[in-house]
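One structure is given below, encoded as structure tokens.
Letters A, B and C mark the chains in the order given here, with residues in each chain numbered from 1 onward.
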């Protein structure tokens, strides 16, 4: 059962077109990865799904309803949450206040403050610190926790590994099993191709705003990925 | 009045100045909107309060509550129906709209009440004073200061211990992400403007009990509010409060030195702070583009 | 996309300049009420100068009444105590406005957006208060112009010619400025300061040029106006109403266009005649109109015309040359 389907989506920033006729789909319970170089349109796609940068043409079908053009907060309330690129925590709020913002307009569901602290025990100790004062890895945990607290059905993760040490990235990805188990479907945007492939059921590759590859993460070859990623065959 | 009394008086009126600044700072910090009609709303509140007080049997505390409620609604409506349409990186539309509004309010007040000077006379309480270490301190100024203090504490509680207050602070930090958490940005802004106008209205009403006002007093109130924000810093509640106190003292003491020049010393203090700030903190003064 | 030269302006200057000359001649020769014409020409010049700053660098000033007041007081002081005839004394008005403008810029240069707008308002208010306290210039009573400095029989015409001259210089000058590279730089600064800086445009230099030019124009216009009424006082010369008038004219006419202030001035004076009986209501109307125009048609009347027809009376838009 398809939870999310993008059909022929065109996205513009002002007069500049960033995404051309993109189509993808996600079934409930799946984790899909979207990979591609900088500026390929990956983040733009996520912004269109949650409504920050509405698609100008095409359909964004979530749970059977076309939500293209729906106001962002309404799309979010239907069960979509974003872990944004660069974390984007509320810098003048504390760790716990950031998390509470996630819970404020939450749908009913399993995620609570306590369950997030159980997922990320390190956060409990720093809960009263200003969000701007903590390390990058901890910030990423807060960003994920904040998004989870809205009890989404679909979690959009934009470049989780950006600027973080490998050990920390591994710790964070290790939590994903727990997240999926609780019924959240995930879209991962990643520049780290291997990480993306290993953490997802299927993947898509974007190049200059167009989908150039769709495949099962288990069977797709690195060669195919390289071709789709860079757009030419490199020997 | 001795200099010490002048300082004390300055401190007491400074509490109100802090509230003026806070009203402006809330709107600017959260929505990046400068409500140029801010001063006119303050004066409007004074006239409305005066009308209620003289023409209805309502006691003073009830008048204050009425004015506060009406101001909240006014601020909400202003944001929801007009200012939410000109959100964006360009500050000019909001400023032109609100200065147009200021002109309208000012001249409507002239038409209704005339250009004469008014004050709100609250009866025998006006003259009462306390003796404090040999100095006379009015009961009214003291009470007004106490109310201002209570409002500041109340704002702190609102911003740090309620959901809507946290939403205000989050909106100031990153309104896009706030939307992704399911908050209707426009409604948060309307509430913020409601609170901002309400604070300033109450302050304006209180000020009217110890100072005279005309329909043209709005400009002076706006410039005070602005100076408080610049001196105290945009994001700081404490900053607004102490900047208000500072400005109050500067003005009252300045009045002793050069009569008839009330805003001038405040302006001078503003420039000095501006110059000092240029040396270190210019990023703080640059309007943030989002 | 290499070799795209952005030099060609889509439209020659000659027809527009010729038009200006024709209109000026018409105003000079026709039997108009020269007092009213003088007022219109002066406010037009102020508006065009202010528009150069707001419409082309994005700096919205709520304080240009400072220069109007300054220019007028300097004129009075130079004429009364220096014995200089009024016309050359105007040079002092312009010069003083530029000098004070430089000092103001030192205080305001890092401020942007609303901080700049209200900051300059504070400066203007400070000047008003200072002049109202300053005994040497009559404090709040003001100054009367030395009667022997003017020729009563030619006076009305003299101030008219001065106003016409200023309006002409302003229009031709601003037009020429915008057709040069400076004009392109200014528009770039207005649209995106950081972007402009990143392509090497000296942002602050261009803003300063626009600021000082607008100051000089307003200072001179203020000087001519208060010369014509033979009396100056701080409440009038530094009145925020000057700024409100200018704001109304530029916003309604079309901010950021050369044609806007012309239309705005005509509309302003037309409406003033209409509202002759009801002074308060005129002010209310001004305020409401400026607000509504900003909400509904932010580029003003000329902006609407330009959007529909692309017509430029004073061509300043550039076309990329095809290689």
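As a working rule, a residue touches a chain if its C-beta (ideal position, glycine included) is under 8 Å from a C-beta of that chain, and two chains touch if they have at least 3 such contacts.
Note that this is a predicted model, so its numbers are computed, not measured.
S.K.: Chains as vertices, touching pairs as edges: which of line, ring, star, complete or other describes this one?
M.R.: Here the contact pattern is a line, an open path with two ends.
S.K.: By mean C-alpha position, what chain is farthest away from subunit B?
M.R.: With centres defined by C-alpha atoms, farthest from subunit B sits A.
S.K.: Grab the C-alpha centre of each chain and report whichever is closest to the global C-alpha centre.
M.R.: B
S.K.: Using mean CA coordinates as chain centres, what's the gap between subunit A and subunit B in Å?
M.R.: Roughly 43 Å separates the two chain centres.
S.K.: How many Å are there between the centre of subunit B and the centre of subunit C, using C-alpha atoms for each centre?
M.R.: Here the centre of subunit C sits 32 Å away from the centre of subunit B.
S.K.: With chain centres defined as C-alpha means, what is the inter-centre distance between subunit A and subunit C in Å?
M.R.: It comes to 52 Å between the two C-alpha centres.
S.K.: With touch defined as at the start, can you tell me which subunit C residues reach subunit B in the complex?
M.R.: Listed in rising order, the residues of subunit C that touch subunit B are 54, 58, 60, 62, 107, 110-115, 117-119, 121-123, 125-126, 129-130, 132-133, 240, 244, 247, 251, 280-281, 283-284, 286-292, 294-295, 298.
S.K.: Please name which positions on subunit B make contact with subunit C in the complex.
M.R.: Those residues of subunit B that touch subunit C are 28, 34, 36, 82, 85-86, 90-93, 95-104, 107-108, 110-111, 219, 222-223, 226-227, 230, 258, 260-261, 263-264, 267-268, 270-271, 274-275, 278, 282, 285-287.
S.K.: Report the residues of subunit A in contact with subunit B in the complex, numbered from low to high.
M.R.: Going by the criterion above, the answer is residues 50-52, 71-73, 76-77, 81-82, 84, 88, 90-93, 97, 100-102, 104-106, 146, 150.
S.K.: Considering the complex alone, what residue numbers of subunit B touch subunit A?
M.R.: Spelled out, the residues of subunit B in touch with subunit A are 163, 166-167, 169-170, 172-174, 176-185, 235.
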